[in-house]
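Naming follows writing order (A, B, C, D and E), and every chain is counted from residue 1.
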Amino acid sequence: MITVTAYDAETAFCQTIEDLHELDAIFAKWPTVWVQVREPEKPEVLKLISDAFRIHHLALEDVLTMHQRAKIEQYDDTFFIIVHELAVEDDDISTKQLCLFLGKNYVITFQFKELNSLNYISDRLGNNTGAIRTHGADYLASAVLDSVIDAYFPVLETLGEKLEDLEDEILENPSREVISEIHQAKRQLLTARRTLWPMREVINTLLRDASHSLSNEVRLHLRDCYDHTVELIDLIETYRELGADLMDVYLSSISNRMNEVMKVLTIIATVFAPPTLIAAIYGMNFNSAISPYNMPETNWYYGYPFILAVMLLGSISVLAFLWWKGWLGVMARRSPRE
Amino acid sequence: MITVTAYDAETAFCQTIEDLHELDAIFAKWPTVWVQVREPEKPEVLKLISDAFRIHHLALEDVLTMHQRAKIEQYDDTFFIIVHELAVEDDDISTKQLCLFLGKNYVITFQFKELNSLNYISDRLGNNTGAIRTHGADYLASAVLDSVIDAYFPVLETLGEKLEDLEDEILENPSREVISEIHQAKRQLLTARRTLWPMREVINTLLRDASHSLSNEVRLHLRDCYDHTVELIDLIETYRELGADLMDVYLSSISNRMNEVMKVLTIIATVFAPPTLIAAIYGMNFNSAISPYNMPETNWYYGYPFILAVMLLGSISVLAFLWWKGWLGVMARRSPRE
Amino acid sequence: MITVTAYDAETAFCQTIEDLHELDAIFAKWPTVWVQVREPEKPEVLKLISDAFRIHHLALEDVLTMHQRAKIEQYDDTFFIIVHELAVEDDDISTKQLCLFLGKNYVITFQFKELNSLNYISDRLGNNTGAIRTHGADYLASAVLDSVIDAYFPVLETLGEKLEDLEDEILENPSREVISEIHQAKRQLLTARRTLWPMREVINTLLRDASHSLSNEVRLHLRDCYDHTVELIDLIETYRELGADLMDVYLSSISNRMNEVMKVLTIIATVFAPPTLIAAIYGMNFNSAISPYNMPETNWYYGYPFILAVMLLGSISVLAFLWWKGWLGVMARRSPRE
Amino acid sequence: MITVTAYDAETAFCQTIEDLHELDAIFAKWPTVWVQVREPEKPEVLKLISDAFRIHHLALEDVLTMHQRAKIEQYDDTFFIIVHELAVEDDDISTKQLCLFLGKNYVITFQFKELNSLNYISDRLGNNTGAIRTHGADYLASAVLDSVIDAYFPVLETLGEKLEDLEDEILENPSREVISEIHQAKRQLLTARRTLWPMREVINTLLRDASHSLSNEVRLHLRDCYDHTVELIDLIETYRELGADLMDVYLSSISNRMNEVMKVLTIIATVFAPPTLIAAIYGMNFNSAISPYNMPETNWYYGYPFILAVMLLGSISVLAFLWWKGWLGVMARRSPRE
Amino acid sequence: MITVTAYDAETAFCQTIEDLHELDAIFAKWPTVWVQVREPEKPEVLKLISDAFRIHHLALEDVLTMHQRAKIEQYDDTFFIIVHELAVEDDDISTKQLCLFLGKNYVITFQFKELNSLNYISDRLGNNTGAIRTHGADYLASAVLDSVIDAYFPVLETLGEKLEDLEDEILENPSREVISEIHQAKRQLLTARRTLWPMREVINTLLRDASHSLSNEVRLHLRDCYDHTVELIDLIETYRELGADLMDVYLSSISNRMNEVMKVLTIIATVFAPPTLIAAIYGMNFNSAISPYNMPETNWYYGYPFILAVMLLGSISVLAFLWWKGWLGVMARRSPRE
């Protein structure tokens, strides 16, 4: 599926074409043309396009290979750029590859999946918002890059909020699922970083090398893009450190809970051990009839209640000791429901 | 709200204006003018300002966007600078964005919140302390930057003291809240670092690139600012390492406490197990009447006290063994009250 | 064993030779010659080759030394290159050294083990796939490098899948073997990294230094190789971070399981302690005949069932307390079968 | 308090002066003058000095601010240098600031505390050891820097020995205080590193920038100083890694000890559980008179000793099992006395 | 002790001299002279040597100071080089300092301890193996450096094997000594790294700066040395990461063992708790004569065996429950003998 958008400062024109030979007429009529190729899998179409725009076969191979690293390459007066859009999908992060050829008066984009950034630019061209129509192909390309980069911000914001939620959860009520969520967040940050770092190089190369072919306005625009990329990388590094830190906090919270479990066990064992021993002693087969030294309490009138009181006293002193040690608070705390 | 401060070496003049056209008269009369815009949210005011000073629309967008990265950009003979003030608010750290345009004979500042550094410079202009009045707009800008940077020192000092307090607390009496406080301190250090690193670049760029437009005195001043930024970054890195270290110390102190809980449990179990077994043995239904081998002690005159003594001896030998193993110290230590 | 492959754009010719003097005739007839030496251990053969191609004795030593670091060296108009092929063998990763001399019209390769990348190039030369035949010796060398690098991708993919499997295993069912598998994966990543980093330098040196001797097409090809190497290094670093993270997740999952074991122990101890104490109390030798205060329940008609009910109630209240604390879920979870 | 030391190759002259006007006569008479200002807190004295030597007000501010970062600045033909002496004081490390102005024929030093390095240089000037007297002010300054740097070596040696002691302690007998000592050592290393890194820059700047004003002999001397600084930084990094490693070793030794505590508990519980159960069984109210199946052993002549032997056998088999599991060694090990 | 080795392409001559004045005759007769000074502690000998070869006093100080950092310095046309030999001694690693002066036609080496690398070069000179005799003093120096570096390989191989042994030990049978062995290995790697990094700089400086005084053959040789140093550093970094990883694996294996100890304890407690409770219940003083509800089982004919069976059944169901939880495997595993 090939969509062609052509425009000058006044009007914009958009058409889905089947026959690539229609392109000649469009190029003849309009100063700037954007050829948008979706799901570029038909070999014969690709052959035609690459012949029409003299695309190097190595670049064409790159277009067809998924999961390329973002890069920029210059073939004669054409720039070949690969960047990635980041999107949240089903609670996970996905990257979508966008290949872009920037020539004198045209931009060709190749995409396998629906890309929001391209749709956004399409809409702006149609509605004539922003100043895209009044500039050339280089401005269109920089607008596409800008739109790709801007789409990173909401994704990272989502990740940042997730990390904050995790932080609250860990400090208040750390369940077992938290660890896999931290791990997932860290993996998503790694993915975002892997796509962003080379994108920064791409824009920097464009800014530095291309002083002659890009207009001043476009360069100011790209400088802004570059600032945004640096800001995003900053943000990712900050989030990564926060994530690593959360892992530590989680580990120490598990240890704290283990401490609590152990304390409960110790309290139970310690409170029941003395009365159980006393009870066992008075269960021994020493008959007070044989010797007056044999458990004289068993002959006392109030012997039994006295011994029960002794047991109670024993347990209470143990509790007092544990209270002095500061352990009793443990009994009043609940674990997270898992 | 727009406040205009104009001054020469002799006098300073400060006025809140409503109509931006008043600016022309002020510019005509005074050699240096400082336009201070608070809460720059009215679009029509911004439009007027940007027209009056020919501010590029990308810079204007940056002014209106919160949480920008500190940066410096040059538009013709105007510098556009974004930096952040750091402040302690409600036990947490907040950053406040300050946008500054430095022209030949004017400085424009945009702020969303009350900035102490700007108020401080205002006061110094009013009281004629320091040498601001005797220099031009570039000196005013460098004084603002200096004041912003100097405000970092007390904030970091507070953080440093907090870390020291936490250290004492962890080594003496580690409660459960400590971990979230370390975590918070580390996050605050990350925030401070994220604003400081680009600020260092800003000042460095100003120092290196602007050799022609800035006076020698201003450059000496900026070199001083630069030294302070480097010192602050040094301090932050040191604190960050201390913070990471504290996490380790805390983890090992939790483990130590777990060790203690386990020891208490083991001591209790070990002290009560032997007498409980002995008592259970003498509770068995072996009648000494049937065989002389059946618990002969039950027929002794002093059998019962003898067995009690044996129990006591058993517990005492266990305690002696535990003392030899060096475990008894645990019983005398208190946990932190939580 | 020496195999000679000679070709021009039309035909390719492949022969195993015994006598090195046959080489002269081949060189005279064909524009490009590839001499492939397997198991280069016969000293006299090596002597002949090094004499024929004037190979420096230091380079020859390197050829004979296993486990060299990848490197490139220039002797007059000859490049000497060492790189390593990565292969999965018996569930472990092995590296195989490939030494390559690139002269004006010849390529000499030395290999100790069977190398898939060389076989692949051999086949392509034989089948005339790709464009190798139409270019010179430099293109052949770059095709060999490309093939060596491309062989890293499936190996890393295998490692990536292994890490994902480990992740699933750790989060669901962490057995003891996982730790050694993570450790092994990390060691394999270290191996891959140790061979890749210098290979990147090799290709970069070739790209930068050799501007004069390499054709433009070859340089485009090498730029592609370089991009692949950078991508591989990116991937390795990402995997290494994931591996480090998995170690943390594993540690916290062990701690979680310890917590569970402790909880089970505590539940058991807590549920059985109260009824055991009660039973022990009613086993004491206080005779209700001596005093009405001595265990009056023993004389009740329903005394025994009443006490049993009290015991049951005790255990049930304990269980209720533990349920309130959120600990009972532990009893329903299974450990991994080890 | 101001001490002036003036010297030529033949003699040295040292005097404490009150009136700064005496300086003129001294400068007129001697080729090289060293003005040493202790506790520079009187504003009027500072004013006089800064006037006499035309010291920039920013440099003067730096002199009066404690805890500056080491730095070098050039004002016309004067170098302004801040470095720090490191000293062991009361088992802790302290840094003392030294400010130094190096002019054509003079050196001015400002110090708040007694500095050993300055005293050492004073003594050498007095005793004419070393070759200070035969060179100019630049040599004096480099001798001061050398002396400051050399004072780091014994301090680091002390830290190194402390780390070795801690290592022995951890491996043999880890008490609870160790963790705070490791932490303290790491903090001291951070302090030393924070003063050393900028000092390296100071000397490097002096070496590189000052090619014209410094004599060749002085530059050789400074190269030596630079080597020492690099060596010190190397040493600090090594110690820091050792310290981090010690933390890990300590954590694993705590875990090992916990293991031991748990084993002791398990041994006790395991050895006492079987005989206690047996004893409880024979305490049940099954009368052998009612049924011959009711505890027939209670009617045996040797029943009681037989049952005791069974109990013993039970405990011994448990011990044998534990010995087979390799756990009994734990009982013979002592914990550290705390 | 001073040994002089002099040689030309034909013959080599070796003599121990007492009187340094003999050197003049030797220098007059031979084109290349190697003066080997062992234990350079006699000040008068040093004085003579430094006078004879005009050695700078700073270099001489360095010769006499142990534990210098490896470095290279150029005094006029003489290179002064410090490097370290690494050797395994008594199961530990030791570094031995080698100082070397390289002049036009001479090499002077200073050593405090016996250095294998120097002996090896001595032997090669004597036996005329390698091509040392046919080249000048610069080749001799590079041969010495090469020999010093080559001696690192076996030492690192030993360390590598030790790490592999430790890995096997940790995964199969982690005893308490492992941690100190890992720690020792990591310390030894730190030592090796501390001597290697500056050595790399030394060789790099020699390669880059000395283009004019060193022959082409020597530079090829040094390039090879440089490659070896880089390879060694690579190896050390890899080993260091493996070592850090082993620490983690060890920690997790301790935790795993703790888990096992806890499980054994829990199994024991869980298996014995139910029958002990049952036995205690039947030991209560409820007489079946008083009420038919009082333990009717005690009056059954098969009551006792029935109750024993109930106890057995209770324990067996507990074991079945634990088997279902997957815990029983623990009982069959042995701990390492310590």
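FYI, a contact is a pair of C-beta atoms (placed from the backbone, for glycine too) under 8 Å apart; a residue touches a chain by one contact, two chains touch by 3 or more.
Predicted, not measured: the structure shown is a model, and the values here were computed from it.
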item: Each chain counted as touching chain C and chain D at once; value: E
item: Chain labels contacting chain A and also chain E; value: C
item: Starting at chain B, fewest touch steps before arriving at chain E; value: 2
item: Classification of the chain A:chain B interface as same or different, half of numbers criterion; value: different
item: Centroid distance [mean C-alpha coordinates] between chain E and chain D, Å; value: 25
item: For chain A, residues contacting two or more additional chains; value: 251, 255, 258, 262, 265, 269, 276, 280, 283-286, 295
item: Ring order of chains, beginning at chain D and proceeding to chain E; value: D, E, C, A, B
item: Residue ranges of chain C in contact with chain A within the complex; value: 167, 171, 220-221, 223-224, 227, 230-231, 234, 238, 241-242, 245-246, 248-249, 251-253, 255-256, 258-259, 262-263, 265-266, 269-270, 273-274, 276-277, 280-281, 283-287, 290-291, 293-295, 324-327, 329
item: Contact footprint of chain C on chain A as seen in their complex; value: 56, 58, 68-69, 71, 73, 176, 179-180, 183, 186-187, 190, 194, 198, 247, 250-251, 254-255, 257-258, 261-262, 264-265, 268-269, 272, 275-276, 279-280, 282-286, 288, 295, 298-305, 307-308, 311, 333-338
